Structures are given as C-alpha cells and as structure tokens.
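What follows is a single structure, and I will ask about it in a moment.
We call the chains A, B, C, D and E, going by the order they appear; numbering starts again at 1 in every chain.
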Amino acid sequence: MVGELGSQFTPILYALGIGVLAGVPSLVLSRLLSPRKRYNPVKFLPMECGQVPVGEGRSHFMMQYYAYILMFVVFDVIAIFLYAWGSSLLSISREATLPMIAFLGIMFAAMGYALYLSGRKGIW
Amino acid sequence: MASSIIKKTTTATGFIKAIESGSKHLLLKRFTLRFPEQKLKFVGDGYQFDPKRGVGIAGARGRHILFHEKCTGCQLCAITCEGIAEAIGMVKISEKWKQNKKGIMPQIDYGKCVFCGLCVDACPFYALFMTNDFELSSFTKEHLIYTPAQLAVKPKYDGSVDIKIDKRGAWHG
Amino acid sequence: MMSSNISKNSENDPKINQSSQKNNHNQTNLKDLEPKNSDNFIDRSLNLENSIYSEISSKFTNKVKLKYSKSKRIKIYVEPEDIVEVAEFLKANIGFDHAESVCGTDYPDDNSIEVIYHLNSYSREDLSPIIFALSTKTSRNNSRLPSLIRVFNSVEYHERETFEMLGVYFEGHPRNERFLLPEDWADIPPLRKDFQIKGR
Amino acid sequence: MSKEYDREFETKFQETTRLGLEVVKESEEDRLMTLSVGPQHPGSGHFRFTIKVDGDYIVYCDPDPGYVHRGEEKMSEYRNFIQNIPHLERPVIHDSTNITYSYSLAVEELLGIEVPRRGQFIRAIASELNRQVYTLYWLAIYGIFLGHSTMFMWPAGDRELFIDLLTALSGARVTHAYNIPGGVRNDAPNGFKEKCLQYVKYFEKRLVEYEDIFYNNPLFRQRTENVGILTKEDAINLGVTGSVLRASGIPYDIRKVEPYDVYDEIDFKVQYMKTCDSFARAYVPFLDMRESCNIIKQLLDKMPDSGEVRLKLQSNPKGQPGESYKRVESGRGALGYYIVSDGSPKPYRVKISVGSFRNILALPHLLIGSKLGDMPSIYWALNYWPVEADR
Amino acid sequence: MATAPKEFRFGNFVASIVWLVFWIIIIVTLVVLPLIFVILFYVPLPYAGDEVLTPYLFFSMMVDPTRTVPIIDFLIHTDLFRAAIFPGFAYAAFIAAATIYIERKFLAKMQLRTGPFYAGRFEGILQLIADGLKLISKEVIIPSGADKPLFWATPIIFVATAAAATALIPVAPGWVASDLDVGILAIFAILGFFPLLALLFSWASNSKYPFIGGLRALHQLIAFEIPFILSALPIVLLSGSLNLSEMVESQYLFWFFAVAPISAFVFYISSLAELERVPFDLPEAESEIVAGWLTETSGMIYGLIQLGTYVKLYVLAALFVVLFLGGWMGPQIFPQELIPNYTGEKIYNATVVNGIFWFTLKTFGMIMLILLPRGINPRIRIDILLHTGWYKLIVLAFINIFIVLTLIYGGIITPGGLQ
C-alpha cells in the first residue's frame, strides 16, 4: 500500500527534478555567458532608490493585519477537513451531514465573531 | 456651479462597463506610428522667417539650411545663439561671395542645438531657414557638427504619414 | 519706442482697437506704467486696491509705505520688525490667506536684500485677482528676518528656498536648511549678485 | 483606517508633521522602516521623499526636491528677454507653452506692448492644447502609478493628437518656444482650424472611454475615494493651487479669476469638486480636459481669420524699470512670473512661482497617517511635476 | 564579450571550428562509444513491444520506419516522458511561452499599440527568444549581504515547484503524469508553496522593498487561500472524489460550471490573486515598493521566476478547466482513422487527440480570461484585498456549497447526472 502510494507520487518527483534540470543549466549558462565586473562595490548594494541603504534589510517588521493571520491558521485547517467529508459525502449516510452542518455553523459563527471583533478593535 | 458630480455606479456595472470598453478596443485600429517605415508629414518645408513682416512661417523645426548666396557673415545668428545654446560658431569658408566680405558663415553643432529657431528669427537676409529633417543621429560627436557646406544641402525628407480619424479609431496612415 | 509700434498697429487694424477698448483692464497696465497718466487716470477697477491700501494705512499709519498700486497689483513696504503684525492684519482683517510666492531680490548697491511676499486670497472672491506684494528689506551682511510661517503656513517651502538661495535667515522658521541645492553645496547663496555663473 | 488609530496620529502629528519634523518616540523607532522613495523609484520621478512606515502606515515623510534643479532663475538674469524663452520652457517641457505664456505676459507689461488680437487667440489655443498634452501625460502616469497599464497607453497615445497640432502650429513636438514677448512666433498654417476641430471632436469621444475604464472602475474608486482628504481650510492654509485646490471645493481658476488675453470673452465653467479626496484631485483635471475642448472650440470659432500675430520688436528690447507679476493657469495651477527690470535688456530678477512647488507642501500633510498603498494615489494626484518645482 | 576581437579573421575562425569538430569526433569514437557499449553490456534493457530496447533499434529506423513505432509507444508511456514532455513540463512551458506572446499582443491590441513587432518576420513572433537570449547574457547581480545559497536556489525551486504542479494536471483520458487519489489536495499543497518562496527570496535578498513584497505575498496567501480551497469543494461534493481525472470523468453529462457558477467566480478571482496578476499584483507593486519581491532579481534569475510564474498560470487555468469546464470533454471532431486502411502499429488515438484539443482550447480561453483584467483594472490595496477575501469571497464560496448540498440532498443531482 505504502509502496503503491509512493509510486503514485514518483512522477511529481520526476517533474521536480526536471524543473531543477531546466533551472540549473540556464543559470550556469548565464553565469558563463554574462559579463562579470566587480570593480564597483556600490553596484552590489541592496536597492535603496539610488541612496546608500539605511538600516537592515531584514528587520523586525510587522504588518497591521495579524488578526487575519491568526484566523487563517485556524480556518485553513478546517477548510481542508471539509474535503475529507466532501469526498465521502455520497458514500455515507445522510444523517452524517447534520453534525457537519453544525460544525460549519460553529465555524461561521466563530469567524463572524472574530471578523466583527477585529473590525471593531481596529486592528487593521 | 460646476458639473462636477460623477455618476455613482455599482461595482458590477462598473466592471462590466470597463470590460466592454476594453474589449471594444480590440477591434479598433492601432495608433502606433512605426517610425523608421512611417514618417510624419509636416506642414510646409520647415520653419522660415519673414524679416520684413517680422513673423515666422509655420513649419517643422528640423536641421537648418543655409543659403550661401545670401549669407553676409553678419554673425547675428551666432550672437542670438550665444545666450541660448552656443551651438552656432562662425567659420572661415574657402569660397568667395560678393556679399560676404569677411568670408565667414555659421557652423552648427547639433549636439548643442535646442532647435528653438531663434537664429532664423534673427537672420535679416533670408539666409538661414529650418527644414523638416530631424534625423540627425550619428555615432560620434564630430559628425553632429555641420559645416556651412553641409548646411547648404537641402535634405531629403519623405514624410507622408498623417493622423487619420474615422469610425475605427485614429491611426497613422 | 514701443508705443510707435502699437499706434501703427491700431491704426491699421480696427479690430485691435475695438478689442482693446472692450477689455480695458489689459490696457490699464500699460498706462499705469507711465506716471503722468496715472495721476489723472481714474479707473473703477482700482477702487478695491485703493480701499485695501487705505484700510491698511489707517491702521499702520507710518509703518507702511505704498510702493505702487496698479490694476490688481499692490505693493507696500514694511520694516522687518512690523512685518508679522502687518501680515496678521492682512490675514485676519482683509482676507489675504496664502502666499503665492516668496521672492528675494539682491541689491548690492544699497547693500540690501528685498524679500517680497506675494499674497493672494482664496476665501474672498473679490480679492482673488489681486496680488498683494508685501515687501521688506534686510541688510546683506546680517540678513535676518522674522518668519511669517506662523501667519501663512504656505510660505514654509518658499522661505526655505529663499534662505538657501539668498542666505536670508528666517527667525522662527523651523527648518532653515538646504532644500533644492545639492547636499554638498558649499558656496555663497547662488541668487546673490556676486555669485557668478561660470563663463559669464 | 480605524478611528482610534487615526486620532492617535492626529494628536501626535497635527502641529508638527506639516513642518516635516520627526516626532516618533525613541522607543518606537526600532519597529519603523525607513524607505526612500526616489530618485530611482518607479513611483517618484526626479524627486525623493523619505518615508518611515510602521507596518502598513506611513508615520513620517520628508520631501527632498532638487534633483533636477537647473537654476533657471539665475540663468534668466544673464540672458536678454527673448533669449530666455528656450530655456525657461525646460522645466515643464510637456507644458512649455504655458510656462512661457506668463513670462511673455510679464515681459509685455514691462515693455509696454500689447499683442495683436489674432496673436492672443492663437496663444490661447496653443495654451489650451498644451494643457491637454500635459494633463494627458499626467493622467497616463497616474494610471500606471495605480497599476493600470491601459490607462497609461491610451492617454499617452491620444496625447499624440495634440502634439501633432502643436507641431503643425509651432514646428516642434514638445519644446515649442512659441510664445514670445509681443505675440507668437508664427501664424497658424492653412487648414489648422479644421484639423483642430476634427481632433478635438474625436478626443471628446475618447474621454467617455476614459471614464468607463478608469474613473468608473470600482477598483479605482476604492483606491482613491476617501483617501488623502485635504479639507478646504487646509487647502487654503497650505496655499495649494490648480486642480488640487479645485478638488477641495474652491472654484479658483486664473482664467476666470484674472482673465488674461481673450479669456474674458470665452464662456466656460470652472470645474471643481467638493469631496476633497484623491478621487476629486484625479477627476478635476479630467473635467478640465473636457472643458478645455469647449474652450478650444470657442476660441477657434471666435478667432479672426487674418491679422497680425506678432508685434515687430527691435532685436534687443529694453524693459522699463519696474516690476511685474503675471499669472496664467497652467496644467498644475497658477503659474506666475515675477520679473524685476532695471532698464537693461536683461531682467534683473526673475522669480517663477510654480504650482508644483506650492502643491508639494501638502504631501507630508496628506501622506502621514495614510497607508503605504495609498502613497502613489496621493502623491501623483497632487499634480506635482518635479522638474518644475526644482526649476 | 559580444564584440569580436580586433585581430579577428574569418579563416582562423573556420580553422578553429574544424579543429574542434575533429577533436570531438576523436573523443567520441575513442571514449564515449566504448563507454556506452560497456554500460549497455551490464544494464538490463527493457522490452519495447517484443524486442529489447537497444540503441541499434533507433539506427534501424532508417531502414524500416515502422520498427521505431513500438519504441516511441513504449517511451511515451513512461512516467519520465509524461512528467518531462507531454502532459508535464515541456507542454506547460510551451503554453507558458505562447501565453507570454499572446499576453503581449492582446494587451497591445487593447491599448492600441502593436506590441512586439520586429523580432521575427511575423508580428514579433520570436520576441520571446530574443528576450530569453537577452536575459541569459545579462549579469546576475547579487546584493551584498544576501543569503547566497538561498538566492541562487529559490528561482530553481520556483521553477521546479511549478513543474511539479504540472505533473498533476490531466490533459486527456489517461494522460496525466501522476494520477493521484488526492490530486486536488496535492495541487493546493504545491500552490501554497509559491508565496513561501516569495518570502524566502525576499528574505534572502536582504533589502527593504523585497521584504515588504514578501510580506505582502504572505498576506495575499492569507486572504485568498481559504476562498480558493472552499471554491473547489462543490466539485468534490459533486464528483465524490479527490482525483482530478475522476472529476473530469464525472462531467460527461454537464459541466460543473452549470451548478457551481459562484464557486467558479470565486475560484477565478482567487487564482488571479494566487498568480499575483494585475488587480492583485501587490507583491510586485512597482509604484509603491519598486518591484516588490523581485526588486533584487536580475538576469536569468528573473527569467526563471517569470518562467515559473507563467507555468503556474497554465496550471491554474488548467485547474479551472478541469474543475469547472469539463476538462477534455468535448464533441468528437477528429476522425477515428487518420489514414484510411492503415494496418500498421497504431499510435494515433482519436479520443486522446480530441481530448488534448479540447483541453488546450479551453485552457487558452481561460488564460485569455486571466489575462483580461490586466488591461482594465488598476491595482488593489492590501486592506481591500484582505477585506474582499474574508468578508465577501468566503461567504460566496459557502453559498455555492450550500446550493450544491441542497441539490444533492434534494435528489436533483446525483453523481450520475440529472435525475
């Protein structure tokens, strides 16, 4: 079983390998063909619109929209759970949908509440 | 009161109108002027000036044309240009003209010229005009300096393309 | 020299004559320039300008000097110490609410720099066409003037520009700094007359 | 933006932001990121402003123009009145007729001359055409600033119509050097009137398309509506001009307020809006373009068929001692020249009061507290042309 | 680099080429060929048809062309071929290249321009090759302070990830590189990689604008991943399977677009966001943050990322076709026999060719639809994006899920079709 499933995935690995095979030679070829002039250190500075960079490029930087991120962490998983139910919907009994609807209801309520609160608190 | 209130549209109609307007243009003609193959037609033979009336004659301001038989070497064009681009210098010429006792004529550096045409306005003898030719690019700066002999040559410019407008939009043809 | 040209043209072209009578404020400028005409020339359009000046002069009797008053343009001269007061009066009582430009002119012969605030009004419609030039002077050696930034917010960048171009220090302006010139500029202020352009 | 956040910033920055002073607390400094926008930034032009962002919000802005400072005012003092024309139009080559228009008016006052009537009409037509050229260029850039590539290409293409007309009129595509003290350089060529009418009528049809794809686009509305509110009081205080002023509800147009040449014979309305946001600032130039088409039609209609267009001046005219201040309505608002003459053939002092330089004062005022994504829509709606501001 | 040296002489040039060819022949005959024979001696060769697959069979093609048919038949049914050439990467890359050309011409037409015009005789058809040559001959500049291994690796991973996604797309009956039972989940998993790669690259390049761009890519993922996943759920409900081929098979009566149009709309909008195309190109917003996470890219690194982006575009357009437009389903327009009375080995399969034709056609239609917003829309702002994703699209997606549930439980639709 495991081997069978594994063999199903092997073409994806092939494709990955082919992507690498397409990428590496072109980079190597580009490296061979292109000019390399290193006399000017300013050329290799990070982009700062023509100015000398101020501060670090990688910094502690926070966007305001973290409430969405927190909700995403929860609801993305739930959305994937729905697939497990959805794929077997036709083979399970009809009553099994009721708890699912209840689950969706809770999910919706929670999401609505979260959106409402974060909207009210002005997190973004 | 200005008519400054724009109609408020809903989101859907806004998108539909935008898509309609965009896709309508797929049927219109292309406006692009394909320059080296197509060249714009200009009014007349180039900018000229009538010193008697003190008014110019409409025309494109391309490179100059110098009429040797009229130039007196008075330097008025060079003096005018001094405050503008300093593109005109007077040089000695080998040929002899009766009206040009000093034997000097303008030489124009098109690397500096701004094509304002005020030198044409300054010339009182109908000697310096401008032509339609604007394709002056060259590989070296030296080639941009036009001697009086080069300036005397009437350039060939065969611009024939004009903007045309009809139901299928505007295009250069 | 020019008047001969104009008269010739007017005789030739009757259309021009008509038009110049129709829009007379274009023509008034011409006559204002000649002092002998302006004495006996009474124009309705100058009423407003005169009333503005009389209002100012009634408040500040000796402090302001009228430089000229022509169609839609008034210029008065104020000593530097009075300029803030006059400007506040202009803003509050007359209605000039913003400055179109601040212009400094260098006069090396008098050893003075003249700074002119061109004031205009958005809020009073009848004042909108009028440019009120409020001028003052400072010496070239120690050029300091009180800043009008507390009165007119709009002079901020103009005063900054005047500072760097003419070296007039505006007291009370928060940023008497370089603005338009290069960061490494180390010469005298460029709009002073003793700054020479290379080659001229 | 939420109310709380807004108020916090308002109280902090109300007094000092406009002056460009830094008021961020030391403890907050480490979480801010300093970004310089320009001079090599696709969203700035020849201009730099340093901003500091706290997450998605801009908390500090310091404009720093001057990258294209040419010293036009100093240069003008060394050239005589006529020779100043070609270099004075360099700051705004897309609006070069208007920037020499007010110079010519000011010099004409100093010289004491008046332009022949046909010359005045041709001048006004050239000025309107050139304003269209400028506004279309501005609109194209506004389109690409908001990521709308079609709105970049269409105005840039339609601009060619007016460039074509101006080429026929003056002989050059952008640097026309057409206005001159005493009139215009040359008369309009034959057939210009018909061509102009044809183009203007076609262009009026195109404007409807612009509205469909750009101004009525819901995404464009979302990007610009209620963004960067410049209230009427602020607009007056900051002394902004042109479309920025008219978008704040003040119908102030030099053509109406102080009509020059033949504008008092033309029947037109000053276009303005009362919403004070970026959308209004973007829409007023559009309305101006539409009105400008009407003006061009009227001007063509009323223009005398023949007559002088230029006074014959002597070659090196001397101004009478004195000074003059003349304004015209350019694409960016009032464009004034203050010229002092000492009686010599060269001006003693030339001061150019340009709309861009006045409008940029509103930039820190509007940017601080707004989102980083609003930066292009606020900045370019200010109708700012960096080269003109630097002079 | 490109200019010829001053002492260049054509004779020397030809002589050097001849010399080179001579040495190549020598090396091949003396080293490479013996090496091949040695390897062939030890490696057990597979059977193609009834013959052992050896290189000699290829040479025998010159004598009898029909003999190569079983070899080709064998080769095109290997996993490697499928992953590499036909339903997989090369096909996708070809469509991506076509997409780039079509996009440029299409946008140009809408904007009254000509678009690429001079490269190639006809309407600039070779423009892409010219661009590729330009990119490959440009210097790659790595900013100082950048994480060099990551900086080099990310573009390659980007292309590889896009290639992996192509392996899952069923193009014709039986023509899919990897016929996974959980195909749609696998695609979601792979597509979820791209924003992370953007973030990785922005982190690696040690610059401010890429950093903000990477964060924006992450926010875009957050805004649109859930509507994206939920909008595909009705299809899973309707087909009762997670396998993409089975989803297509279950649409033999009607396209699922007919029952799930709202989902299709949500899927379309979300895939625009997923692709970072124009209304949602926030991570690359050039007027705000120079070029977003692509600011520090140059030369071929940029080229590879663009290739990956357009392959990704193909994947999403194809996924839309598979989910909503019935995949390869379409009327049979190809004849059963290409050559009448042909009795040799069969390579032509009318059903497969028909499937490929319809699939490609629909995919191109979908690609055009994805390209269209670029011509008519400005860029959106990030808070509007998040708001749209969370407040509007999720709700819309759920509405369609409930519609489909009602239809199924109401007995109107069964997996067999309408009742």
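The rule is short, and it goes like this: a contact is a pair of C-beta atoms (placed from the backbone, for glycine too) under 8 Å apart; a residue touches a chain by one contact, two chains touch by 3 or more.
What you see is a predicted model; the values in this text were computed from it and never measured.
Peer 1: Chains in contact with chain B and with chain E: which ones?
Peer 2: Under the touch definition, chain B and chain E have D as mutual neighbours.
Peer 1: Tell me, which chains sit next to both chain C and chain E?
Peer 2: Intersection of chain C and chain E contact lists gives D.
Peer 1: Treat touching chains as neighbours: how many steps, at the fewest, connect chain A to chain B?
Peer 2: The fewest touching-chain steps linking chain A to chain B number 2.
Peer 1: Can you identify the chain nearest the overall CA centroid, using each chain's own CA centroid?
Peer 2: It is chain D that sits nearest the middle.
Peer 1: Decide which interface, A-E or D-E, involves more C-beta pairs in contact, and give its chain pair.
Peer 2: Of D-E and A-E, more C-beta pairs in contact link A-E.
Peer 1: Counting only Cα atoms for the centres, state how far chain A is from chain D in Å.
Peer 2: Comparing mean C-alpha positions, chain D is 45 Å from chain A.
Peer 1: When the C-alpha atoms of chain B and chain C are each averaged to a single point, how far apart are the two points in Å?
Peer 2: That gives a centre separation of 39 Å.
Peer 1: Counting in whole Å, what is the centre-to-centre distance of chain B and chain D, each centre being its mean C-alpha position?
Peer 2: One centre to the other, that is 25 Å.
Peer 1: Give me the residue numbers in chain C that touch at least two other chains, ranges are fine.
Peer 2: none
Peer 1: In chain E, what residues contact two or more other chains?
Peer 2: Correct list: 110-113, 208-209, 212, 290, 375-377, 382-383.
Peer 1: So which stretches of chain B touch two or more other chains?
Peer 2: 18, 21-22, 25, 31-32, in rising order.
Peer 1: By the document's touch rule, what are all the touching chain pairs in this structure?
Peer 2: Pairwise, the chains that meet the contact rule are A-D, A-E, B-D, B-E, C-D, D-E.
Peer 1: Which part of chain E faces chain B closely enough to touch in the complex?
Peer 2: 106, 108-114, 117, 372, 375-377
Peer 1: Can you tell me which positions in chain D touch chain B when the two form their complex?
Peer 2: 78-80, 82-87, 150, 157, 160-161, 164, 167-172, 175, 177, 185-189, 198-199, 202, 209, 211-213, 215-218, 221, 251, 269-274, 283-284, 287, 308-313, 315
Peer 1: Using the touch definition up top, name the residues of chain D that touch chain C in the complex.
Peer 2: Per the touch definition, chain D meets chain C at residues 18-21, 64-66, 69, 71, 73-75, 78, 109, 111-114, 116-117, 235-239, 241, 245, 250, 252, 257-262, 264-265, 304, 307-308, 311-314, 317, 320, 322-325, 327, 334, 336, 338, 340, 348-349, 351, 353, 357-358, 360-361, 390-391.
Peer 1: Could you pull out which chain E residues touch chain D in their complex?
Peer 2: Interface residues on chain E, with respect to chain D: 107, 110-113, 208-209, 212, 278-279, 281-282, 285-291, 374-384.
Peer 1: Which residues of chain D touch chain E in the complex?
Peer 2: 33, 35, 41-43, 53, 56, 143-154, 157, 213-214, 217, 219-220, 222-223, 371-376
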